[in-house]
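Next up, some structures in structure tokens.
Each of the next two complexes has chain A plus one other chain: chain B in the first, chain C in the second.
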Partner chain A sequence: MDKTWNNKAWFMVLPVLLLVAFSAVIPLMTVVNYSVQDTFGNNQFFWAGTEWYQEMLHSERFHTALLRNLLFSFTILAIEVPLGILIALNMPRKGWGVPVCLVLMALPLLIPWNVVGTIWQVFGRVDIGLLGRTLSQLGIHYNYVQNPLHAWITVIVMDVWHWTSLVVLLCYAGLVSIPDAFYQAAKIDGASRWAIFRYIQLPKMNRVLLIAVLLRFMDSFMIYTEPFVVTGGGPGNSTTFLSIDLVKMAVGQFDLGPAAAMSIIYFLIILALSWVFYTVMTSYDAER
Partner chain B sequence: MARIELDHIRHAYGPNPKSDADYALKEVHHTWEDGGAYALLGPSGCGKTTLLNIISGLIHPSHGQILFNGQDVTDLSTQERNIAQVFQFPVIYDTMTVYDNLAFPLRNRGVAEADVDRKVRETLEMIDLADWVNKKARGLTADQKQKISLGRGLVRSDVNAILFDEPLTVIDPHMKWILRSQLKELHRRFGFTMVYVTHDQTEALTFAQKVVVMYEGEIVQIGTPSELFERPKHTFVGYFIGSPGMNVVPVEIEGKQARFGGQTVDLPGAPDMPAAKGRMELGIRPEYVRLGREGMPVSIAKVEDIGRHKIVRTQLEGQEIAVILAEDEDVPADPHIVFDTKGINVYADSWRVAWGG
Partner chain C sequence: MSVAQNKLTAERKGNSFGQAPSMPPDAQATLARTMRRRGEQSRFWWLIPTLYIIFLMLPIYWLINMSFKTTAEILSTFSLWPVEPTLHNYAVIFTDPSWYSGYINSIIYVVMNTVISVLAALPAAYAFSRYRFLGDKHLFFWLLTNRMAPPAVFVLPFFQLYSAFGLIDTHIAVAIAHCLFNVPLAVWILEGFMSGVPKEIDETAYIDGYSFPRFFVKIFMPLIASGIGVAAFFCFMFSWVELLIARTLTTTAAKPIAATMTRTVSASGLDWGVLAAAGVLTIIPGALVIYFVRNYIAKGFALGRV
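Here is the complex of A and B:
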């Protein structure tokens, strides 16, 4: 079969290329530029080579922030994915319940990040917040401002509240695509509830789950606004995730070189981890 | 194994059925005898799948009862009814191997692994997939998937009935023939009650002892293949069975004669006319029309040579009448046709009327 080549197609993608260049490549290059130079203000720059990179890779501060962030990402994945699947499995397939559930599920996703942060910041306050007040009235000494564990719990619950819907909606989309015939066959074959999940529903959700895990991982690994609004990275540095640390360094301390080096390393880590997730999940998929 | 009685079953998919048109099944009152092999034949949308799903318990009928060996099972679940069903749309469990797909219905019922192995291997042999045991079901071709789907319906030997919903649609003709003989063999060995849905009349006529013809949510006739051929109860059965279908001509009945246009045809007897005289029709199969130099003059519209014989489309008084002519016979120069009396049936409002005294 002959393929027809049409080079005009390249002109069609030109606008997109330009857009990507301006929105991604050029900013990234400026960061690369900063990361290999040093400055003492006055717009004077000196060549620094790989110095900042070496400093970053050996920095205790960077290591703890990285570990903290990984712990956070894995925790929310471990909660949001099973919870999301569970909710999606129990959502109605037809009738008036469908739109109601979909709207309820979509609501948290529509709220801007900083508003989510503010909601939880107020919600958890011991003096005026509904949650904080109720808990302390029940005799539980909950205080996310002073207790690192409480701060962590708050940030995690907030993320679960905000993002589980995404997993739910994706899984639900996978579930509704299963033809009725499969459930009928399962009934004839005497399959248990678990067998139906394991051999019919899970395989159909596989693809969307991969997307959900990737999205949630990348997103939580880059989380900034919500914990920043709620805890400001504290108490101490206990909720200072990578991006919060990065902003502190770049804007707070104006250490452009190290901050730029950190951004690049950060970027590469996300890229590498996403690639690992993707490969592991797709190869698992192919093997089955 | 069971005798399955359908007691005045009606079913509508919508919530508030009002007229007959809202019912996917209008009224089915029929008994499937224990160990019978039935073919269920009918056009698309006539309710075949609906009927099977009601028998297996996937659908609860809007009205009526289902009895297995005289026991009411209307409210029992599919699992409790213990029925095997092969679906029109082949269902396979993608992530399992071919072997596990077939073992699934057995394992779910806690059958001992040794028995599972024996049954699965036996069934794989039967559906000709023995070499594929450890292949993942995902990568298989459409006909292999359909065979697996069929196999899952056949592994259990303790079922009350096996329902097949067009199980061989994508299988090539030779394999189809082999599988059909396997099914017959299985039926002989285990004596399951079997219901086999198909669009294909040859398939129905070769598989079954009794053929059930459905039309618009009703069973219009149940009979042996020859009964369906010789005495179609409804003009639909006449059209549907046979190739080409029965010729149907609007007529006036006068005693033992039927008239249409300027022609008069002698009937085998005087039909038992219904009280309210409806639309009368005469039906005759192309096999019973003789083409020759005597009888009613016709013009020839078309001759189709289909190898074994020729189909001649003739025009008689503006009506098309198909005639079957042997391969070596020729169409005469001045064609006339004669209706063989024993092939004539008379219909009032599409339903056959019996011959009176």
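Here is the complex of A and C:
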């Protein structure tokens, strides 16, 4: 769409700007402040320069937590996005099935995150959980508390359970917005199911898919509550993702300097990766 | 026929139809036939959604099942339904007045946040969808970066900031703090919906003598009603499920229900029955919201030609 150049539009953006600046810029500057200072307690701070940043960038603990988190994010994206598209494509478009599907699928999204953790903790337990009990009846020694692989599978399945619906709902919104004329034209041309998907549905879902991929990537990269409730970051450190590590450092050990430096690096990584996603997908958008 | 030609034809057709404000009735009849034919081609289309919904419901069913058992029964016997159904767990919760306030607190700040987020985002999204202005792309991305900021980063500075303003333990503190991620999201969603409305509609309204506020409320907002619904739904959702920030900014007077739950859980660590009942009770408000907006959302999604 052609947009007119109008700098007065700034006035319309102003409320949002003030609101977000209050909640974002001031706290972020506090974090920056901590990241370049050291303290011996009693609120006495002195300049530490880039010391914390150097320490963080060379820390083994940070590297492994980062790799773990990246692995987690890409795994759940690889599962949730195709699965979400598949389900959205097969959802009913009219009739009583639409509200039923929407209500039931949206349900996990509206459960507070610590309750999601609790649900899966209870569901997977070998002694009282349906999943744990069933698996052990089948002769599989499933134990997410002790086996790192099982803990990983549990956390990933939990995330798929929790968030695939978001992808489904967004894709569905994109699908129903396709003008019927597109399908009619495809019918006239005798297009195959795949051609309809590839050349009509997928390009039209581009925008919502961008939203879905960005949201899922960002949220999985800062996941905290759910794995913390289920595994507590264990067994060992096998499910200690970045946020869990950060809170452990800031609140548990009260290492403000390193925690703040880690926050900044963490934030910059998210920023950089999201920017890449955003640019790639919008330039793809512009090409078409 | 080649696929590229298909695409071209589809686009040509789409353009000729896309400019018409609504579909002619005969095209709707054709569509109905197309939909029926589509149903015949893939008889098992319902299988995938059904399997997915079963997968979604199993853990919730298990939680509800547990909430009607005594802790002794949960630990001793394994059954798919409560052998001796009991309301004891719910009674434990409902006799404790702090639970009511937990619910009310959560609802208050979530509603406040949804209203603030959508109201602030509407004009901003309009500006982004209709105008180019100095630094617009940078501003848009900066807004999104706040949606990406990990809450764990903000926990400590938020506490200090809101203490300085004397806002700790108030509903408005949580509502404003949640704007950090909800306002950018609302702007983004609304911008998407608004860009789908042809600009000619704006221009026609101005020619007809509408002032901007009147045009915005009377003509534009009904056009993107589904978008507003979707944005409000997402704001409600992300504010309702967030716990880390809400818990940090409240102590007693505005404590959210989910935080009340963690406290009870840690106090009675092994009381699985009460834990399950508390979990079920936190699912109910979300389920109610979806239930009440189901037609609106279904209709909104179905009509919202983005």
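Assume the second predicted complex is superposed on the first by the 268 of 288 C-alpha atoms of A that agree within 3 Å, B and C clash if a C-alpha of one lies under 4 Å from a C-alpha of the other, contacts with A are read in each partner's own complex, and residues count from 1 in each chain.
Quick note on the criterion: a contact is a pair of C-beta atoms (placed from the backbone, for glycine too) under 8 Å apart; a residue touches a chain by one contact, two chains touch by 3 or more.
Please read these numbers as outputs of a predicted model, since none were measured by experiment.
Student: Report for A:113: first if it touches chain B alone, second if chain C alone, otherwise both or neither.
Tutor: second
Student: Residues of chain A touched by chain B versus by chain C: which partner has the larger set?
Tutor: C
Student: Touch test for A:127: chain B only (first), chain C only (second), both, or neither?
Tutor: second
Student: According to the stated criteria, A:222 is in contact with first (chain B), second (chain C), both, or neither; which is it?
Tutor: second
Student: Once chain A of both complexes is superposed, is A:19 in touch with chain B (first), chain C (second), both, or neither?
Tutor: In the superposed model, A:19 contacts chain C only, not chain B.
Student: On the A-aligned overlay, A:47 touches which partner chain: chain B = first, chain C = second, or both, or neither?
Tutor: neither
Student: What part of chain A is shared between its chain B contacts and its chain C contacts?
Tutor: After superposing on chain A, chain A residues 179, 181-182, 184-185, 187-191, 195, 199-200 contact both chain B and chain C.
Student: In the complex of these two chains, what residues of chain C are touching chain A?
Tutor: 1, 3, 5-7, 9-10, 12-14, 16-18, 23, 27-28, 30-31, 34-35, 41-42, 45-49, 52-53, 55-60, 62-63, 66, 74-75, 78, 80, 116, 119-121, 123-124, 126-134, 136, 139, 141, 143-158, 160-161, 176-177, 179-180, 183-184, 187-189, 192, 195-196, 199, 230, 236-237, 240-244, 257-258, 261-262, 265, 272, 275-276, 279, 282-283, 285-287, 289-291, 294-295, 297-298, 301-302, 304-306
Student: What part of chain A is in contact with chain C in the complex they form?
Tutor: 1-10, 12-13, 15-17, 19-20, 22-24, 26-28, 30-31, 86-87, 90-94, 97-99, 101-115, 118-120, 122-123, 127-131, 133, 161, 164-165, 168-169, 172-174, 176-177, 179-191, 193, 195, 198-200, 207-208, 211, 214-215, 218, 221-222, 224-225, 242-243, 246-247, 250-251, 256, 263, 266-267, 270-271, 274-275, 278
Student: Can you list the residues on chain B that touch chain A in the complex?
Tutor: For chain B paired with chain A, touching residues are 53, 56-58, 77-79, 83-85, 87-89, 91, 93-96, 104-105, 108-109, 136, 149, 152-153.
Student: In the complex, go through chain A and note every residue touching chain B.
Tutor: Per the stated touch rule, the residues are 179, 181-182, 184-185, 187-192, 195, 199-200, 203, 288.
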